[in-house]
Each structure stands twice: as structure tokens, then as C-alpha cells.
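Chain lettering (A, B, C and D) follows the sequence in which the chains are written, and residue indices restart at 1 in each chain.
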Amino acid sequence: MKHMNMRRRLAALSATTLTLGLVASGASVLSAGASGTDGVNTSSKTISIGGTFPLSGLASAGFQDVAKAALATFDYVNSHGQVNGWSVDYKVLDDCYNLGVCGAGKNTDAQTQALVNTPVFATVGSLGTATQQGEISYLKTNNTPQLFVSSGAHYWNDPTSNPNLFGFQTNYLAEGKIFGTYISSKFKGKKVGFLGQNDDFGQDGLQGLKNGGVTPATADQLTYNSTDVVFNQGTFRTSMAKLQSDKVAVVVLDTIPQATKLALDAAKSLGFKPQFIISGVGSDPQTVNDVNEKNAITFTFFNATNSTSNKASAWNAWASKVLTAESGKTVNGVKLATFTSKSILSGNQLYGVAIAAGFIEALNKVTANGGTPTRSNFVSALTSNTLSTPAIVPLQYSSTNHQGLTGGYLVKVTATGVSTGATKAVNTTVYSVNPTTQALTTSKLTNAAVPSEFK
Amino acid sequence: MISISHLSVAYGAIVALDDVSIEAPTGAITAVLGANGAGKTTLLRTISGLVKPRSGSITANGHALIGERPDTIARLGIAHVPEGRGVIAEFTVEENLRLGALGAKTNVTAGLEEQYTLFPVLKERRKQYAAQLSGGERQMLALGRAMIANPQILLLDEPSLGLAPLVTQDIMNTIKTLCANSGLTVILVEQNAKSALKISDYAAVLHVGKSIAVRPAAEVAADESLRSYYLGMAE
Amino acid sequence: MSGTFKRLAWVLGGLVAAIAVASIQSGTDAANLTKAGAYCIALVGLSFLTGWSGQISIGNSGFMLVGGYSAAFWTLHHPGEPVAISMIVAIAVSAFVGLIIGMPATRLRGPYLAGMTLAFAVALPYVPQSFAVSTLGGSQGLTITPLSAPQWFFNLFDTNNTLPVVINSRFTAMVSVVIAALVLWLMSNLFTSKTGRAMRLVRDNDVAAELVGLHLGRTRAQAFVLTAALSGLAGALLVMVSGTASPSTYEFGFTFSIALLTLMVLGGIGSLSGAIIAALLGVYSLQITTWITDHTGLGPDSWVSAKLPNLAPNMENILFGILLIVTMIFAPRGIVGLATGLRQKLISVTRR
Amino acid sequence: MIANILTNRIVNDIAGGTAQGVIIGLVALCLVLVWRATRVLNFAQGPMAMFVTYIGMTQMDHHANFWVAAAISVAVGFIFSALTEIVIVKPLYHKAEINPIVVMVGMFTLLEAVASAVWTNIPRYPTAPFSSINFQSEGNPTGLSPLSTFQIGAALAIMTLVAILFNYTSLGLKLRASALAPEVSKLLGIRVGRLLTLGWGIAGAVGAVAGVVISLNPGGLAPNMLDAMFILGFIAAAIGGLDSPLGALVSGIVIGVVMQLINDYWNSNYADMVAVVLLVVVLMLRPQGIFTKNSTRRV
């Protein structure tokens, strides 16, 4: 009896171990077929790239717009003349930002592996600091460039150890320095307080602030944990109460949107009305508007979006045209957002368009004279050209600098009758911070033209 | 009048009752005797609907009981005092009694009054938790809670369990009085055969799931051949 | 069946499986199988705890974190030493943590235990993130050189024009599947051993177990330690393959504990083959749901999605939720239970 | 003097902590109600409350007044929870303990996904009929706002209603009996099945109140809005003892206040873990929770 049992169990086990293999081989029909070994298909002139974004779960609320706008841009360019005959196949996978009760398959590791195994030419625009940091060594080992990481951390700028890793947005150090510079000139002698997230975001922001000549008193350098926004909302109340009792006049917030909202709300309930200066990460007009904080200053590297005409710049007008043309389409299994002539461009949407534009620009350089993209010639095209995007500072890399954007300007959030909110420039000064030397330079805001390959 | 005919009950492969037929006449006490594991408790649980039988029928005062829910059966006037008395320890004495009246939808105030006259000790302790009562008092409470529903049929499962001989006698006398005063039909399941036979009018003996006889109590008490089936444990 | 024959069957089965795995064509499948192996190990541990000792843990992601970090920490400080040692360290550390958590936990029943383990899983990612920032790398975590295929493996499987990454994935898949098979074999022995029977007795009947002289607390604690050790091994395996242990690793968050519970139930509680099926279900759930939505007209282009544009990305969870409820009500023994039931029915039909 | 007390730092922390704590306590209360009635740990308590809060509060988009919307949430909460018991929980009584837990985990996943499909993940902010600006005393803010006073008041009112219902009414007596001793209650003629359903319904209504109260906080109304609260609420319920409604509310408030004091006087990094540490300590010393009476075991 016992032996019988054992035997049956054994048989079942061996059988399942075997089917494990067979099922897996059979299941390969579920995954897409490969084209070439580096994602470049020379016969159909298609280059496959991919990115992981939170399309569902907690963080998807604003960030999915980045992915959808980038997807819309690639699709628009593919059907409007392509890039020297090349089309871009952008695969957007949902990684749920590793938060929330998402299905087992939706996490950055699994989705990045899926992209690498497709294979893709590079990952482009994948979103999140912690999530993308976890993929650096994997992508490096598998020789897949990690381009335009959507994060303001400074880790992406390390060309010596990671030659195929490229950041995109102005980092928190630079943003902090720009805030510090602005505060030292406009709020001279005023007491400054700081509330930042207890990770590189907050730490870099505070360091930048100090680099810009503003060092808050130790008692006014406050932090919170990213999980406090759900588990411990009370901390925002005590933080604001502390800054209030210390009679702080300017408060710098390096906070994610939910934390911004909690902090502004707590300040409001305490009757605490300092000048808020909020990181670009945590100050989308939606968040700030909900608390009706009309005076807050924030940082952006895009042109202000202050009316439904979206004509603040040539690039904004183009982005608006693309999103309208692609409104509601389904591209590579992702349904794009509805966008009409009455919609206001959001910062996240411009960000998505900018990522796509940067990639298209580089591809344009590589394929200009009938060239075929390879990973090495693409990387050298990135480091040897200035690429035009909707950003108001150029996207410029070099062999020693993989940061990407290096500056931006200050805007105020306005809440004039638009439900989604809008921004207005504080002044026309554009600040740039050299990522290597931390030197700050200023220039005047200009309305850059859209290159001719963007039809 | 409650009549059980050809009743069989099984828990999976284990047969607890096998073709049992018992008739308990109206206004009389019928004792069901038997050793441990003879199926006595199963019999009562089947009558009150807690256990679904495999086959057979049970009728009480003209109602077929099989297939009815326990609470419906209770509201037909069949009160079941389970083994271990089933008083709710976390409730006070009065809450236990009120629960009995609420379940049967009888008048709470009048019922409480009546039971307090019948069992003065319960009135004394009405604010105490049932957990704090002695074994005998708990049995009184269980009886009172059953009687507050004005039942026609009373099923008693081992009322003497864990009680001192004097207390047992007291309880048995109370049961006898209750039955005589209200014309109640009682099925009394007991291992303490001697005490049970003393107050019963009829008696049935269960032996490993089969009923052996339903005869007047005095006859059963006198029948030497039956003794081995129910004696030995409680005496 | 004789011992020798049994061992031979295992070795043969393992070999066939390993070759099958090592020659899988698609790199995605190889990567998925790597994960499935680790999931399978974690699932067997949880399944053992729930199915055999009757305890519920919603904290196994915490043990995976402990194992993963231990392996990464050891590898960082002892570069060049064999991977196996890192794994053993991970097992030892997580077993120890399991003992610490298990001791008070064994006094708790049902929901209290569930709650305490859940709290453990929720709180644990804070430790590297906020407390031991300098040693455990804060929110960035620890990065090590990931496991890569040795030269002989490349020589063996480098058929024309295969990506190195695919070969590497095949290698990690093979390693992972072999370790999982080893764990399954050990656990199948344990299930039939005296300890295994003791566990079952504790689950079925506390009183009976005490009557035959079993120390309830000790038996429960043993089950807990074993579960922790297996989860730790699974965590270590994931870290060795990916090269990172971070507080935001999906498998180290409490939501993965819930996912594990879900998968275990769908596969079949207390069943070894159930754990294998559940692990595959875990890694292919996205593909499966995508296939279902594509073939049922619920995809992003359907009329439903026109009304509810957010439906498509949430479809996976909607299906999973429904599947879980339906399984528990109609087939509480999971897929394996269903299959067994079906087979028995077929047998009885053919016999008639 | 009074003004000094009202604006005192500790008093403010206690007031602010209480406002957070009553919400934790309300969630804990729901869990206790369901546990007492049916010995099921309702893992889907948070999403169930979230779901019905959405159903009610989104009526404000169609010009319903706040109170009407809240009443709809509570009524739907009652019905939804009762239906859940009938359809998916009833088949699982007398089965292994893990079965209802897993079913409720399934419900958790399903409801959050459906809510996110229907209402998206973008939070909504129902307009509260009370201001969130703190009361002032001689120009300084106190620890309470009209909104948080309403939140505390709502929680205490619900607690009182539940206490009256359970302890002083016949229905309450039957509800308690069905939960404590279902078989005995059946033998006494009580329709236990119906009362268990009612118990779930009441818990669902209380959950809806918690959901409505929470949706007025800065986090607003979002599919995951009660996830953290569920964990904290569960910890509060376990600390108080899963059988004690009063214990649930009290430990909820204690957790809220202790967290706030740690935020203010120590380091907010430690506040997140304080609930877990409290739970572990309490469970090690008293595995049945603080408020559960040991003496009144069933006999």
C-alpha cells in the first residue's frame, strides 16, 4: 500500500517535471517571435524597442500617460513618413511599479526579461528609480542599452562602468541647486524649511539646495518614508506643524504627488502659509490644484501648458497634434488616451513625446545615409549629437556625460478655471547645471523649432 | 406523540443508527438507554434536525420532521436540551432565558416570571453569567430555557452528566413534576439508567445503533437480560 | 519499489527534465522557467505549512527577502566563492529568522497567525530601507554579479546564431529547475516520513496529537522553520539570477505573499504537483489572461474596452479574483484535486 | 489657560492621532463584527468598503448631496456585504479555516481590479460638508478641524449604536447567540443563518461609514484607499482581541495616537513599524488579545 502510494506519487512527479519542460516549450507560442538578434529587422526595416511602465496599480494614475504619449508619437511617425524608411516597434509592458496587488507576471524583472528575450534593440524610457536600478546589471550583462530612464536620480550618469546606460531628465541635484539659487536671490534672509523623501530623491534634492547656497536649519530638514503616504499620513501633519512653529517662510518639498498633497493639506489645515517650492516630480497641477495652492513654485523642463490651444511653443503644438491624431487608438495592445483639441497637455504627456522624439532624432542620425542601426553606432550617435525634443533645454550627451537634460525653469501652478490645472512661467530664465562640475549657467527661454523629420 | 420509524443514520462509513423505531406516547416520559456510543445522542440530534438521516421517518404531533431545519423544528414545539446543557456561558442567566423565549416567539416577560417561580434559584442569579453557575444550576437554567418556549415535546440529553447523585435526583424529580403538570412528552436519554428508569413511564434500549425494545419502564427495569446493554457504565 | 530503482527513476526524470529545460528555444520561456523554479520552491514550503501542519502564513515574502539579502550580502563579502555556499547561508539565515518568528507564532491559531505573518511581511522591507541603510544598501538594495552560464554550457548549447542571453537564461532555468526538483524530492520523502505524519496529525487533531506524545509547539515550529528555509532558498535563487536584492523587488513585498497563497490554492493545497502547476501559472498568468482576453472579445479594442478603457490592464486581476473564489467554493483542492477527481471518475466509468 | 491646553503640542498630537486612530478602529470594528458572527477573517473588508463608498460617493457627481451619497454607501454596504455572505461565504462554513480566508483574498483582488477598471486609479475628492482647517485658539491652530471632529464623532456614534444594538436589544441578543453558539441557538428556534447574514450586513454598513469618512481625507477616494487601513485595522483588532468591539476601537485609537507621538517626538521612520511591534509584543504576552475575557470560555 505504502509502496503503491510512493510509486504513484513518483510517477506523477516525474510526469509533472517532464510536462513542466514540455508546457514551457509549447508555451513559447505565447511569446512573440524574434526578429534578428538585436531587435533590428533589416528586411522590414523595423527596429524593436521596449519599455516598462506602471499601466495598472497605484502609480499608473499619471505615469501611464508617459508610456501612452511615447507610443502615440512612435505610431504617428511610423505612419507619417517614418525615419528614413525605418519604423519603430515600441513594446510597452506593464510592470505595475512593483506596487499594489498586481498579477504575478507584472513586475519589472519579469517584464524586462521579456523585453530582452524578444529581443529588443534597447529599453527606452522605462520608468522608476528603484525599478530601473534593479535592471542595470541585467541589461548590461545582456548587452541591451538602457536608454532615457524616466527618473531624476543621478545614477544613470556613469559612462565608465555603464557605457550603454543613459538618463533623461534633469536630476534632483540640479533641480535642488536651481531652487537654492532662486531662493537665495528672491527670498534673501528668509528662513527655509525642507521636507523630502527618505531616499536619493530627497537626499539629492537637499544636497542640491545646499549647493545652491541654501542650508535649512537641521531641525527644519525633515524626511518621510515613501510608504508614509498610506501607512502614516500623520507624519505630514507633524512636519508642517514643526516648520510652522519654527516660523519658516519658504518650504521646499521633495515629495511624490500623494505626499505633496498630504503636506499641502496639512499646512492648509494648520493655517500655515509659507512660499512652497515643490519638486517637478511631485507638483503636477492636478495635485497642487486639488489643495487649491495657487502660489506654489515648481520646476519643469517643458514649456508651460497654460491654455487649451497648447501653442506655448512649436513643440507643444506638435505634441498636441500627435496626441489628437492618435487619440483612442490601440497600439501594440495598449489603448491610447482620448485627446481632443480641448485637452490640455500634461507634463507626463510631454515627457512621453520627448522620450520618443529623442529616440527618433538619434535614429534619424544613424540611418541618414542608408545606414543600418546597430547598438554601437546608435550609442555614438547619442553621444555626438544634440537632440531636439519638446524640452526647453537640449538633450545632450557626451562620452563623459550620460545625464541627458541638465536644466529647466521655474513655473507657478495656476488654477484658473481649468479642471486639469495649468502652469505659468515665473520668469523667462532657463537654468542649467553641469552634471559633472555642478556649475550653474542661465539663458533666456526660446521657442525652439520642430525639426523637419517630425511631420 | 412522537414516532420514529426505521430510522438509519450514518456518518460516512460509520453507521450510528440502524433501522431504529421508537414511539414516545404523549404526556409520558420515555427513557432511551444504552451504553456509550450506542447512538442515543445521534437519535436526539436527528429528531431536532441537526443530523440528516439516511432513511426512515420521524413524525411529531402529525408533522413530518425529516428535512426540516432545526430552528423550524424547534418552533414546532420541540425543545432539545443538548448534552452538556448548551447554556451560553458568556450570557447571563436572564439573557439565556430571554433567548429561549425569543427563539420560540413566546412572551418574554410572562415566560421569565413563570420560570423564576418554577426555579427560584435562577431568579436569585439572574444577573450572573452562566459560566459562574454550578452544574445543577446550569441544568436548571437549561430546563428553564427549554420550558420558556412552552414546548409540547422535550428532548433531554444526559441531564445527569457530571452531577452529584443528590443533585441528579433533584433534577429528575423536577423533570417528573414538569411532565406531570404540563402534559409534556419527554424523551430522556440517559446513561444513568437507574435514575432514569425511576421517573420514566416507558423505556427503549439502544445497542450499537439498533433499538432492542420499547416497553414500560418497570418491565425494562425488571428484565435481567437487558441490563447488560445499559448497565456497567453509570452504576 | 526498491530504493535503487526509486533513485534511478528520480535521476532519470531529473536528467530528462534538465535537458528539456536546457534546450528550450525561447529566451522568455527560459527566463520564466527560472522564476517558476524559485516560485515552486517557495510554494512547496507554503503548501507544506498549510496543507500539512494546518498553519496559515501570509509572510513568506518576508522570508524570501531574508534569504535574498543574505545571499547577496554573503556573495558581496565573499566574492569568488561557490554559489552553493551563498544558497546555504541564505537557507540558514532564513531558517533562523523562521525560528524566531515561529516560536511566538506557534502559540497562535488561524487568523492571529495569518495577521502576525502579514504584519511581518509588511514591516520587513523597512529594515533594509530605513534601518540598515549602510550595510543593506537602503532603497537601492544590494547588487551582485548575477549567475552566468559557464563555458562548457555555451560550448554544449551554442547552436548557430543563438543569443548569449538565451543560452544564459537556459542555464539559469536548468539550475533553478534542478534545485526545485531536488527540493521536491526531499519534500516527497518528508511527506511520507514520521515527521510528515506527525504534522498531519497536528493539523487534523490537536488533542490526538498530544495524546500520542507529540509536542505540538515543537512540531509547528519545525514546520515554520522549514517553510522559512525554503522561502529563503527561493529568494536567494531569484537574487543570484537577477543580481539585485532590493526592498522593491516584487517577490519581497507582502503582495507576493498574497500571490503565493493564491497560487498555492489554485494549484492544490498540500500537493507537490500542485506546487509545480501553481508555479507555472504564476509566471505565465499574464500570457494566459492576455490569451483569454484576446479570444473572448475583452481585449483593448472590444466594445467593453471602449466603454471602460481601464478594463484591459485590470483584466488579469479580475480573472484571478474570480478564479480564486470559484476554485475555493467548487474545487477547494485546486487544479490537482480536480484532475484527481476527474481521473477517478473516468476510472470508475471505464470499469463499469 | 484653556487656550494653552488646546494648542499644546502633545494635546494636538493626541487629537490628530485620535482622528487617524478612529478610522483604524472602525476598520477593526468591521473585522471584529464579522469574526464574532461567523469566525471568518474578512480579508476583503477594505476593498468591500471601498467599493460601496465609490458607489455612493460618485452619486455626488450626479448632484446628490453629501449626506444622500453617504446614506447610499451605507445602504449598499449593508446589502453588498449580506449578499457576499449568502453567495460566497455560506458554502464555506465548517470547512478548513483557510478556505474563507482565500475566498476573501480573491474578493480583494477582484474588487480592486473592478474598481480600478470602472473608476480608474486617479483619486477622486468628494467635497466634504466640513472644513479641514483646524479650529483656532487665540490665533494658534488646535489639533482638531471640523472635519476631524466629524470623523471622530461618526466613529463614536457608530460604536455606540453597535454597542446598544448588541447589548440592549433582542435582535442583538439573537445576533450574539448565533455567533457564540450557533447550534444551541438553532435548537432554541433561532434562524441562525439569517442572523449571520445580518451580522455581515451590519459589518458592511459600518465598513461603508469607515470608507466615507476616509474618502474625505487628503488621500481621497481611490481603489487602494483602505489597504493600509486594513493592515493597521487588523493589527488593532488582533491587539484588542478579535472578539471585542470595544477593544478594536480602543486599540485603533491607541495605535493612531502612538504613531503620531512617535512622528512628533522621535522619528517618523519608526512610526510605520510601531503597530507591528505592538502586535508582536501583545501576541507574545496575551495571544488572545488584551480585551478578550479569558474566564468566559464556552462550556
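As a convention for this text, a residue touches a chain if its C-beta (ideal position, glycine included) is under 8 Å from a C-beta of that chain, and two chains touch if they have at least 3 such contacts.
What you see is a predicted model; the values in this text were computed from it and never measured.
Contact counts per chain pair peak at A-C. Across the assembly, the mean Cα position most removed from that of subunit B is the one of A.
Each chain gets a centre from the mean of its Cα atoms; for subunit B and subunit D, those two points are 43 Å apart.
Averaged Cα coordinates give subunit A a centre that lies 33 Å from the centre of subunit C. Subunit A and subunit D have Cα centroids lying 37 Å from one another.
Multi-chain contact residues of subunit D (touching two or more other chains) are listed as 108-109, 112, 116, 120-121, 231, 269, 272. Those residues of subunit A in touch with two or more other chains are numbered 56, 60, 100-101, 198, 225, 227.
Within subunit B, not a single residue touches two or more of the remaining chains.
Because contacts link the chains in a way that matches no line, ring, star or complete pattern, their graph is best described as other.
Contact annotation for chain pairs lists A-C, A-D, B-D, C-D, with touch applied as defined. Residues 170, 173-174, 176-177, 180-181, 183-192, 295-299 of subunit D are the ones that touch subunit B when the two sit in their complex.
By the touch criterion given at the top, residues 48-50, 69-71, 74-75, 79-80, 82, 84, 86-91, 95, 98-100, 102-105, 108, 129-131, 138, 145, 149 of subunit B touch subunit D in their complex. Here subunit A touches subunit C in the complex through residues 2-3, 5-7, 9-10, 12-14, 16-18, 20-25, 27-28, 30-31, 37, 55-56, 60, 94, 98-110, 113-114, 116-119, 130-131, 133-134, 136-138, 141-144, 155, 198-200, 225-227, 330, 333-335, 337-338, going by the rule given at the top.
Those residues of subunit D that touch subunit C in the shared complex are 35, 41, 88, 91-92, 95-99, 101-103, 105-114, 116-118, 120-121, 231, 234-235, 238, 242, 269, 272-273, 275-276, 279-280, 283-284, 287.
Across the complex, subunit D is touched by residues 56-58, 60-62, 100-101, 198, 223-225, 227-235, 237-239, 241-242, 244, 258, 261-262, 265-266, 268-271, 286, 290-291 of subunit A.
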